[in-house]
Amino acid sequence: MKDVQNEKDTRNIPIDRVGVTSVSYPIVVLDPKENLQHTVANVTMAVSLPRKFRGTHMSRFLEVLNEFKGRVTLESLEQVTVDLKRKLNASGSEVKIEFPYFINRKAPVSGSTSYTRYDVVFWASYDEHFDFTMKVTVPVQTLCPCSKEISEYGAHNQRAKVSIEVRMNKRIWIEELVDVAESCASSPVYTLLKRKDEKFVTEQAYSNPRFVEDVVRDVALKLDQDDRVDWFSVSVVSQESIHNHDAFASLVRDKRS
Amino acid sequence: MKDVQNEKDTRNIPIDRVGVTSVSYPIVVLDPKENLQHTVANVTMAVSLPRKFRGTHMSRFLEVLNEFKGRVTLESLEQVTVDLKRKLNASGSEVKIEFPYFINRKAPVSGSTSYTRYDVVFWASYDEHFDFTMKVTVPVQTLCPCSKEISEYGAHNQRAKVSIEVRMNKRIWIEELVDVAESCASSPVYTLLKRKDEKFVTEQAYSNPRFVEDVVRDVALKLDQDDRVDWFSVSVVSQESIHNHDAFASLVRDKRS
Amino acid sequence: MKDVQNEKDTRNIPIDRVGVTSVSYPIVVLDPKENLQHTVANVTMAVSLPRKFRGTHMSRFLEVLNEFKGRVTLESLEQVTVDLKRKLNASGSEVKIEFPYFINRKAPVSGSTSYTRYDVVFWASYDEHFDFTMKVTVPVQTLCPCSKEISEYGAHNQRAKVSIEVRMNKRIWIEELVDVAESCASSPVYTLLKRKDEKFVTEQAYSNPRFVEDVVRDVALKLDQDDRVDWFSVSVVSQESIHNHDAFASLVRDKRS
Amino acid sequence: MKDVQNEKDTRNIPIDRVGVTSVSYPIVVLDPKENLQHTVANVTMAVSLPRKFRGTHMSRFLEVLNEFKGRVTLESLEQVTVDLKRKLNASGSEVKIEFPYFINRKAPVSGSTSYTRYDVVFWASYDEHFDFTMKVTVPVQTLCPCSKEISEYGAHNQRAKVSIEVRMNKRIWIEELVDVAESCASSPVYTLLKRKDEKFVTEQAYSNPRFVEDVVRDVALKLDQDDRVDWFSVSVVSQESIHNHDAFASLVRDKRS
C-alpha cells in the first residue's frame, strides 16, 4: 500500500507539533501510600514534523502508548518521548497526561476518611533535552478578608481551585503540592465531614481570610524556599459566592534565571 | 436525484424523535424593558417518524428555523411546531431553545448597574395538542443553617443554581421566575458590587441561612400560590464551599391533578 | 450540637430528591475478562425527604459510599439503596454512578490491540421496590446513505455516539451492549488502526451506509429479540461532517406493557 | 469602611495577573455586512499587582466594562486596557473577550442561506505598549488522503476545527480568516444544505483530501503572503471518524523576527 504520509512535501514548511489528542486511556501512576493507583487519563502525544515529509504516522503514537502498558512515571515519560522522537524521525516530541488522582483524607476532628480528587497533568517533551513539568489542581476554600472586615457578621466564602505547576530537580510527590496549596488557603475541603468537622472547617476558614492574591503569594513563598523547585507557575481561581463570575490571580517564576 | 429518506421501511418501527441538535443560532427574544433582546441559542428540533418511512429530511428543520428569522416567542414556537408537523408529515414535533438572557440589575445599596446572566430553556412540542414549558436557571447564594448554628463565628456559603421550570396558563416573564428564585435564597448574586453592597450582601446571606431543602420548598410555596402556574419542577444545586461536590434538592408538582 | 436538619418543618412539603451530586470517586467494577476494572466515577446519591423534617444528613451518603469500598455491582447497588433508605429514614432512595469503562479491542485486520473507552451509567433506586438501569454509550462511525447515493464518488461519514439503556431480568454485560451498538452502525471505531485496518474500516463503512434512523431501528430490533431486556431506550447522535451540528434519533420501548 | 485591598503587603511578591474571569456579558461587535452584531461574550480582565499592595479592586473591572456599553472593537479594547492600567495603578493590564460570531452563508448550489457560527477571541494587553491578537475558530471538513488512496472506495472524513490567531498591522476582518481556513480544508461546512448542495460538498471533499498537516501548512502559506499579518498561530483539530480521539497539527510563526 502506498505510504501517503511519507510523500515528499514541497511547501517547505516544518510543523511545530503533529499528533493525537483527547485519547482516553487507563493508566497506572505511583502512589506513595498504596504503591500504585489506577486512574483514567486524557492523553496528547505529538512530534515536530520536518519540512520534507507530508505527514506523520498517527498509529505509532498509540503503539508507543501501549508498549508502556499505561504505566506513567517520570522515567517512563522520558522513555516515551525518546521513543517517539526516534520512531517518528522527529526533531522533537511531546506527551501530556491529564488524570484525576485520589488521596484518602481524614476529616480534621472525627478522623473519618474519604477520597478527595486532585487533577494532575504530567507534561514531558524532548527537543534538544528532556523537559518535564507536573501540575496539580487542588480544591480549597477561600474566605474574603474584605467581606469579613466590613461586615457586622459573616463573610462570603467559596470553593476555589489552586493550580501549582513545577519544574523540579528532585522528586516531589503530588501529595506535597496538595499540602502546599491547602496550607495557603482559608481551609482545605473534604469529601466527608461529620458535624464536628463542619464546625471546625467553618471556624478555620473564618479565622484565615484570604484573597486570591494572598493564596498565590503564600504558595510562591513556599515554592521559593523549596530547593527542589527550579521553576513554578501558580494560579488561583475563586468561585465568588456573591457573584456569578470568578476572581483569579496568577504568577510564574523561573528560579534558574 | 433519488430520495433515499423517502424509501419505504420494512422494519416496522416508528421512531419517537428524529432531528437536529446542537445548532448554534442567533435569536431575538421578548424583553419587557428593552422590547427585544438579541442572544445566541442552542437549538434542537425533532419530529416523530412513522414506521413506513426510512428517514426524515433534516434540511427542512433549518428552513423552518430560518423562516422565523430567529424571533423566538411563545406564539412563534407554536407556529414552528405546527409547521414541522405538517412539512415533515409527522405525528408529533418538538423544539428546544436554550439561551442566556441578561437583565440589567442594580446593586442593593449603591444602585450601580450591571448585567446578570440567567439561562433559559423554551421547550415546545405538538403531538395531539401544543405543550410548552419555560425553564429559568438563576445563580444565587446559599448560606448553611447548620454551619451557622454550630459554629462560634462564620458560616459556609456558596454559589448555587436554582432552576424553575413551569407550564403556565397565562404569560409569566423570565424576570418573574428570577425574582421567585432570588427571594427564596440566602441572597441574590450580582455582577458589580461596590464595597457597601458587599457588606449588605454578606450580612443579608448571614441573616437568611438556607439549606437546598429550604430553597426548594420556599420556591414550591410561591409557585403553588400562583394561579398562572399549572405544573412546575424546581431544583437547587449548591456548590458547597467545604466540599468538592454539590448538594441538591428537587421536586415536581402537577397542580392539574 | 444542635441538629438543625432534624428540626420539624411546617411548610408541609415533601421533597422528591435530596442528596449529593458531582462526587468524583475511585470505583471498581466487574470485568468479565480481567475480573475487576478500576475506574473513576461521578456519583449522585439522593433520598426522598418527608414533609416533617427540615433537612437530610448529607454526610451519611458519603459514609454509605465508603462502606462499599468503591465496589460497584448490581448487588452492591441494591444494598446501597436499601441502606440509604434505612439510614436516612426515607421513603425512597436513588444512586447514579457514571464511569468510563475500557475494553481491550483488536484491530480488524492486523489484530493490534488497544483500549477503547465506553461511557457507562448505572442507575438504581428503591422506592417501593428496587429498580435498576444500565446505560452504555458507544462511539461508532455512520456513513450517510443519501450522500453515497447522490454523489458520483465518496460519502460523508463521521463519529457518532450510540446510547443504549436497558432494564433487564437477567445479567447483560457492558460488552454485549457495545456489540449491539457496533453491529448496527456503519463501522466500529478503534483507538489503534494500522494502514491495512484503516483500509478495511473505510470500505466497511462505505459498504454499510446508515442514517441515525437506521441505527436506532436496528438496535431496537436486536433488543426486541433479547428476552433478558424488559425495557430499553436508544439514542444516536451523529456529528455530521458536512454541518457544524448533529443529527439524532431516539426511541423508548417498554416490553412489559 | 476599611480598604483591606489597599493595605501594605510585606511579602514582597508582585503578581503577574489579578482579575475577574468567566464574566458572561452581552456585547456588540462590528459586522462588515450588517454594521453591528449583538452576541454574548465570556470576559476575562486582569492587571498586574505591584509588590506593595495587598489586593486589587475587583469591582473596577466591571465598572470599566460597563462604561463601554459592551461595544467591543480594536479601538475600545485599547481604551479599556489603558483605563484599567490607570484606574488600578497597575504596570500592566489584559482583556480577553471570547464570543460566537455568526455569518450568513449561502449553500454552494441552491444558494439557500443560513447562519454559521465561528468562535472568536479578542485578546488585548497593555504592559509597555498595546498588544492585540484576534483568533477565529472555523468548523470545516477534512477527508483523509491516506484512507482515499488505500481504499477501493470511500474515504473517512470528519468535522475539524481550524483556529487561526493573528497579530496584524492593518485591519483584518473575521470573515477573511474564515475564508482562509475554509479554502485550505477539504470542504467548508454549512448549517443548511439541500440535496444538490450535499452532493456538491461530498464530491468537493472527496476531490480535496487533506491531512491536518496539509491544512496547517496551506493556512501558513496564505498568512505568510499577507503583509497585514505580523505573527500567526494555526492549529487544526480533526475529529477522526475512524477513532474516538482527534488528530491535530499546529505551528506558530513570527514574521517580524
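Of note:
Read from first to last, the chains carry the letters A, B, C and D; within each, the first residue is number 1.
Here, a residue touches a chain if its C-beta (ideal position, glycine included) is under 8 Å from a C-beta of that chain, and two chains touch if they have at least 3 such contacts.
Labels paired with UniProt names: A, B, C, D = GTP cyclohydrolase FolE2.
In this text the structure is predicted, and so the values were computed from the model without any measurement.
One of A-D, C-D or B-C repeats the interface of A-B: more than half of the contact pairs, counted by residue number, are shared by C-D.
With every chain reduced to the mean of its CA atoms, the largest distance from chain C is reached by D. The interface holding more C-beta pairs in contact, when A-C is weighed against C-D, is C-D. For this pair, chain A with chain D, the centres built from the Cα atoms lie 25 Å apart.
If you average the CA atoms of chain A and of chain C, the two centres end up 29 Å from each other. Computed centre separation for the pair chain C/chain D is 35 angstrom, with centres defined by C-alpha atoms.
For chain D, residues that reach two or more other chains under the stated contact definition are 1, 23-24, 117, 146, 150, 191, 193, 195, 199, 244-245. If you draw each protein chain as a dot and join the dots that touch, every dot ends up joined to every other dot.
Within the complex, the chain B residues that touch chain A are 116-117, 139, 141, 143, 146-147, 150-159, 187, 189-191, 193, 195, 198-199, 201-203, 205-206, 239-245.
Per the touch definition, chain D reaches chain B in the complex via residues 1, 3, 23-26, 37-40, 59, 62-63, 66, 100, 102, 112-115, 117, 191-196, 199. Of all residues in chain A, only 1-2, 4-5, 9, 11, 13-24, 46, 49, 54-56, 58, 145-146, 149-150, 211-214, 216-218, 220-221, 237, 244-252 touch chain D in the complex they form.
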